[in-house]
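Same chain, two partners: chain A is paired with chain B first, then with chain C.
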Partner chain A sequence: MNFHPFILPFSLGAIVLFAIIIYKYVSWIKKLDRKQKYFVNKNMFTFKTIQATGEVIREALIHRNIYKKNPVLGYMHMSLAFGWFLLIVVGKTESSFYAGTFFEEPWLAIFFRYFAREPHEYFMATQFTFIMDFLLLVVLSGVLLAIIKRMRSKFMGMKKATKHSTFDRIALSALWWIFPLRLLAESTTAAITGNGGFLTGSLGNLMSGLPVQALELPLWWAYSTVLFAFFVALPFSRYMHIPTEVILIFLRKWGATAGEQYSGLSDIQINACSRCGICIDACQLNFAADINNVQSVYFIRDTRYHNLTDDIANNCLLCGRCTEACPVGIETTLIRQQMRNKAEIPGKHYYDYADVPDCNSKPEVVYFAGCMSHLTPSIIISMKKIFDAAGVKYWFMDEEKGLCCGRPMRQQGFVQQSKDLISKNMRMIHSSGAKVLVTSCPICYKSFRDEYVLEIPVLHHTEYIEKLIDSGKLELKNSGKSIVYHDPCELGRGCNVYDAPRAVLKEIGELRTSELEKENSLCCGGSLSNSVIDLATQTKIRDHGLEVLTASKPDILATACPLCKKSLVHGNKVIVKDIAEIVAVNIVNKKQPKKVQTAKNMNEFEVSYK
Partner chain B sequence: MDKKVLIIGGGPAGIETAYSLALQDVKVVMIEKDANVCGNIQNWEKLFPDFKDAEEVRKILSQKLNHPNIEVITNTEIKNLYPQGNLWFAKNDDERIFEANAALLATGFEVFDAKRKEELGYGIYDNVITSADFEKMYKSRKILTAEGRVPQRIAFLNCVGSRDEKVGNHYCSRVCCINAVKQAIEFKELVPDAKAYCFYMDMRMAGQFYEELYRKSQEKYGVTYIRGRTSEAAVTRDNRIQIKAEDTLSALPMKMTVDLLVLMVGIEASAGTTLLSEQNDVLGLYGFAKPLGLYSEDNMTTKPGLFLAGTCKRPLTLPETLADARSAATDIIKYLKTTK
Partner chain C sequence: MKNWGFKISKPRVLDFDTANLDAYNRLIEKVPSAHRCLMCGACTATCTANLHTTFNFRNCHLMFRRGQFEGLAEELDKCMLCGKCKLVCPRGVNTRAIIYNLRIVLSDLNYKKIEL
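Let's turn to the complex of A and B:
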């Protein structure tokens, strides 16, 4: 039997690693919520599983996503992950050929050169030796890049690298040593037995002056020991992302997504975080306000180790930029929302006092302006004008006795309160018998789409205006103004509405682009989701955003969210208008619209345009 | 004395300094951007706390400009102010250059643009006006709604654009509280049966006779003061204004419908103040000019020969402005005597 005591640390480490991973997998899967389990059962034995396997190869081994974002960083990951994977696969094949059976000692492949000392005569021995040396070289190049990245993260195009925990440091140091030690151990053996390839053999020749006989065993012991250290530290360190990402990819392909409450999938997602720190660079709190200890990577780390503080959980704009940037696809904002959830009081209702009206007027459209639009009355007045010009019969649901849509409560973790509001609003909406619900506020819009179970479709007013134009009910004239559009977080990243606002704006003026658009757009700073930062910090975020948005010096900065409008207006840099306002002053009158009580406002608005 | 001083701004501060300098035989060139002198008090009908006719004050101030040592140039907006050697130069857009031994910034304030608080509906709803609009209406002694009716309920809203982090003005404008008291009394004198409400955060009655007037407004005129800031205004079907506020003394949210809402707009640095301060590195917070020190150096700047007077430094009442102007004249004369 090919045995030497130095294989023991490795074997022990491997057994511990597999035991822990299996234990974790099982407990996570048990903790999946009902919806997630339903999707797993439904899709497990479908084509989706094959697709997921392909994605595992692309993302977990080749790291295509990271490669696309940053080629050097991508190569580093690929050389380490895919290189090591091939070392194991090719090494196992080689040792099986050598032993003449597939069931040789499991450690043989790992310490192959030590045991296979005699001249190689098994199938393709020379080729195997070459390939194994080549793969080792590839992995070593990855290790070298990793070390450079630690020293100078800017080299990798990253401004901030993540700060590490103790387990991370143990695992990281072990990982750095595994392959250099393997190289040295194999080269020493090669110096003695002459079984090396172009890399180990050459290094062996160089070592011929050294006391190789005395060095050989200590080096193999060291190699086995660092493997032990890496395996044992791995489940408690950020390297847990390696086995976890695989299961995440399968679950995601099967259709499981983060729900309202923290679940097994949330556990899997936070363990799948490699702490690469890409989210730090994406975060406006970091680059516009110099706050760099609250980003998703730290939030996830603290959640995983159960020492999350309110200050970190609540210090987030929930803008979704990090979710967009995350190469692993972790639903960072949703998990943060789950961690903000407050305890529920069974049976408690919060808004029994709120007396809300039913609708008796049989409208085509229910219009819900939202609390924030009530603070920007010009948007409401513009919408009234648009409805009237298009001849649409609408019911203004929250004109006098409206309730909040529930989303701000939800974002702060008051789920029960939010549900109370939702049920009251749903009753009102359905009482109208209307065919469509239109809202002016992207925050409400996201809530209606995701949290409500509505019998009728919901549209943001930009989408609704686009439909009115397409159906010929609304005719607009071109104002000749240059316009830059600011994507509100909740409308863009939140609801994937990017094209309708742009289509409408193209009808009224010259639409210009800005540097950060659509998925990459910035938060205006006025987010209701962050209860930690003060106004001065919000102002920094806003002013940085304004600088980006007005780089092309547009006549008008358009947005589609009352909250964005309010925060951007106070920057005092450019005329800021909601799309509805710009539309309302550029309507071509087919028939005389009903006089809306706004004459003064509209005239003033025209003046400020000239 | 054979010295000349350039005064930029023909409001109360500029005029009072000009006259004080002229009396000391200093030649003064006073440059005003508008057609008329007297600045912001042209828009006021009566002054607090004694209800003196603003017209009387304007007359007194304008007469001071008849002094032979004072040359007044109107319709000229200075866009560039800079020193060269011991001299100061000012230029307008037509490249007309003025030259003098010293310069005084008396560029004053502008009232806050209430449209920036969109939730209050100024410029959107007909029956939301500002305190400046109220003064204009009061000239004809007619405070009416947009429909021409006499309002039966009126509300004054303090701190619009002052003490408001959201619009970036953390400071108190100092004159609006007492101005609200004055305007509420004026309204009640015109329409004794009407109801007048005043929403406030704190009633800052720190000037002489202010507290007495505040008491009188309640005891004699029945003005109601409600502590609480209004969050939003909306229009009702009959074109009245519904305001949502919180009464912070009873800790209850409240709604109130009024015929006319008056926004007590605060004081902001004028565009000229900010522009010329910035050019000369004397820009302070919120766009106001920054004096050298708070105490004896309040009229001086870091630039020798450049002086400040009045509300270009911070919100001030009219008597404070006039006193400050005379003190600036003292500093300027001292400077002229010690400089070649």
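Let's turn to the complex of A and C:
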């Protein structure tokens, strides 16, 4: 039998590692909620599983997404993960050939060169030796890059590297040592027996002056011991992302989605975070306001180790930039909302005092302006004008006595209160019998889409205006102004509406692009979701955003959110208008040309426009 | 009688033996802008909840500042956290953060995070 006591640390480590991983997998899967379990059962034995396997290879081994973000960082991950994986697979094949059976000792592949001392005596021995040396070289190059990254993370295109916990440090140091030690151990053996390849053999030759006989065993012991350290630290360190990402990819392909409450899937997601730190660079709180301890990577780490504070959980704009940037696809903002959730009192109602009206006209459209639009009355006036010009019969649902849509409550974790508001608003909407709900506020829009159960479709006013133009009900003239469009977080990343606002603006003026737009657009800083930062910090975020948005010196900065408008307007840098306002002053009204000219309240716009 | 949306309060004397002024200092630590409030009432004038009921955030803030917590928790439950008050405040007070924190501090419900 091929045995030596130095294999014991490795074997023990491997057993501990597998036991812990299986335990964790089982407890997470048990914690999945009903809907998630349903989808897993439904899709487990379908084509989706094969697709997921392909994705595992692309993401967990080759790291295509990181590669796209940053080629050097991608190569580092790929050489470590894929290289190591191939080392195991090829090593296992080699040792099976050597032993002449598939069921040789499981450690043989790991310490192969020590046991296979007589060179070139099995099938394709030379080729195997060459491949194994080559793979080792690839992995070593990855390790080298990792060390360089630690020292100067700027080189990899990242501004901030992540701070580490104790287990991370143990696992990281072990990881750095595994492959150099393997190289040294194999080389000493090669110096003694001559079984090395182009790498280990040559290094072995160089070592011939050293007392290789005395060095050989200690080096193999050291190699086995660092493997032990890495395996045992792994489940408690960031490297848990390696086995967890695999199960996450499968669950996602099977159709499990994160809900409003923390579940097993959330556990899996936070364990799948590799703490790569890409989200730190994406976060405006970091690069515009110099707050460096609240980003998703820290939030996830604190959640995982159960020491999350309220201040960290609440200090986030929920802008979604980090979710967009995360190469693993972790739903960072959703998990943050789950962690903000508060206890509920069954049966309690909070807003019984509100006596909301039912609709008694028979409108085509229900219009919900939203609380924030009431602070920007010009948006409301413009929408009224647009409805009238298109001859649409509408009911302005929150004109006099409206309620909040419920989303701000939910974002702070008061789910019960939010549901209370939702049920009241839903009753009002359905009382109208209208065919479509239009809203001016992206926050409400997101809430209507995701949290309400509505019988009618909901449109943001930009989408609605686009439809009016397409159907010929609304005709606009080109104002000749240059316009840059600011994507509101909730409308863009939140609801994936990028094209409708742009299509409308192209009708009215010359649409210019800005450096960061669509998925990469910035938050205006006014987000309600952050209950920690003060006005001064919000101002920094806003000013930085304005800087980017107005780089091309447009006549007008357009947006589609009353809250964005309110915060950007105070920057006093450029004329800021909601799309509805720009549309309202550029309507071509053939039927009643006189009425438009005499419409008094519209003159204000014309003036402030110039 | 017509409900005008406000009432005349009984005269109140601040009793320094019973009033808990310490709580306000803790609030200031969490929301430093709270002390900038000049009690102008703009927040209440714009308040969404105030459209429907007599809820008055300015008054709640004042009560808390004076250490008078009676009935405050139920009163704050009326707020919808919509954020209008924060946007209109001329002094840049993070009113919404005040309400959020007061809710957590004052509620009977131990607003702990959901068990993991």
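Convention: the second predicted complex is superposed on the first by the 601 of 610 C-alpha atoms of A that agree within 3 Å, B and C clash if a C-alpha of one lies under 4 Å from a C-alpha of the other, contacts with A are read in each partner's own complex, and residues count from 1 in each chain.
Everything that follows uses one rule, which is that a contact is a pair of C-beta atoms (placed from the backbone, for glycine too) under 8 Å apart; a residue touches a chain by one contact, two chains touch by 3 or more.
Here the structure is a predicted model, which means the values were calculated and not measured.
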First (chain B), second (chain C), both or neither touched by A:Lys30: neither
Partner chain in contact with A:Lys566 - chain B first, chain C second, else both or neither: both
Touching partner for A:Ser378 - first (chain B), second (chain C), both, neither: first
Contacts of A:Leu528 with chain B and chain C, given as first, second, both or neither: second
Touching partner for A:Cys404 - first (chain B), second (chain C), both, neither: second
Between chain B and chain C, more extensive residue contact with chain A: C
Which superposed partner A:Lys553 touches (first chain B, second chain C, both, neither): neither
Overlapping contact positions on chain A, where the chain C interface meets the chain B interface: 374-375, 535, 566
In the complex with chain A, residue positions of chain C that touch it: 32-33, 46, 48-49, 51-53, 77-78, 80-84, 86-88, 92, 94, 96-97, 100-101, 104, 109-114, 116
Residue numbers on chain A that touch chain B, as the complex places them: 374-378, 381, 535, 539, 566, 569-570, 572, 597-598, 600-601, 604
Complex contacts: residues of chain A adjacent to chain C: 261-262, 306, 308, 310, 314, 339-343, 345, 350-351, 353-355, 371-372, 374-375, 400-404, 406, 408-409, 412, 414, 417, 421, 526, 528, 531-532, 534-535, 563, 566
Residues on chain B engaged by chain A in the complex (per definition of touch): 115-116, 118-119, 121, 123-126, 146, 165-168, 231-235, 239
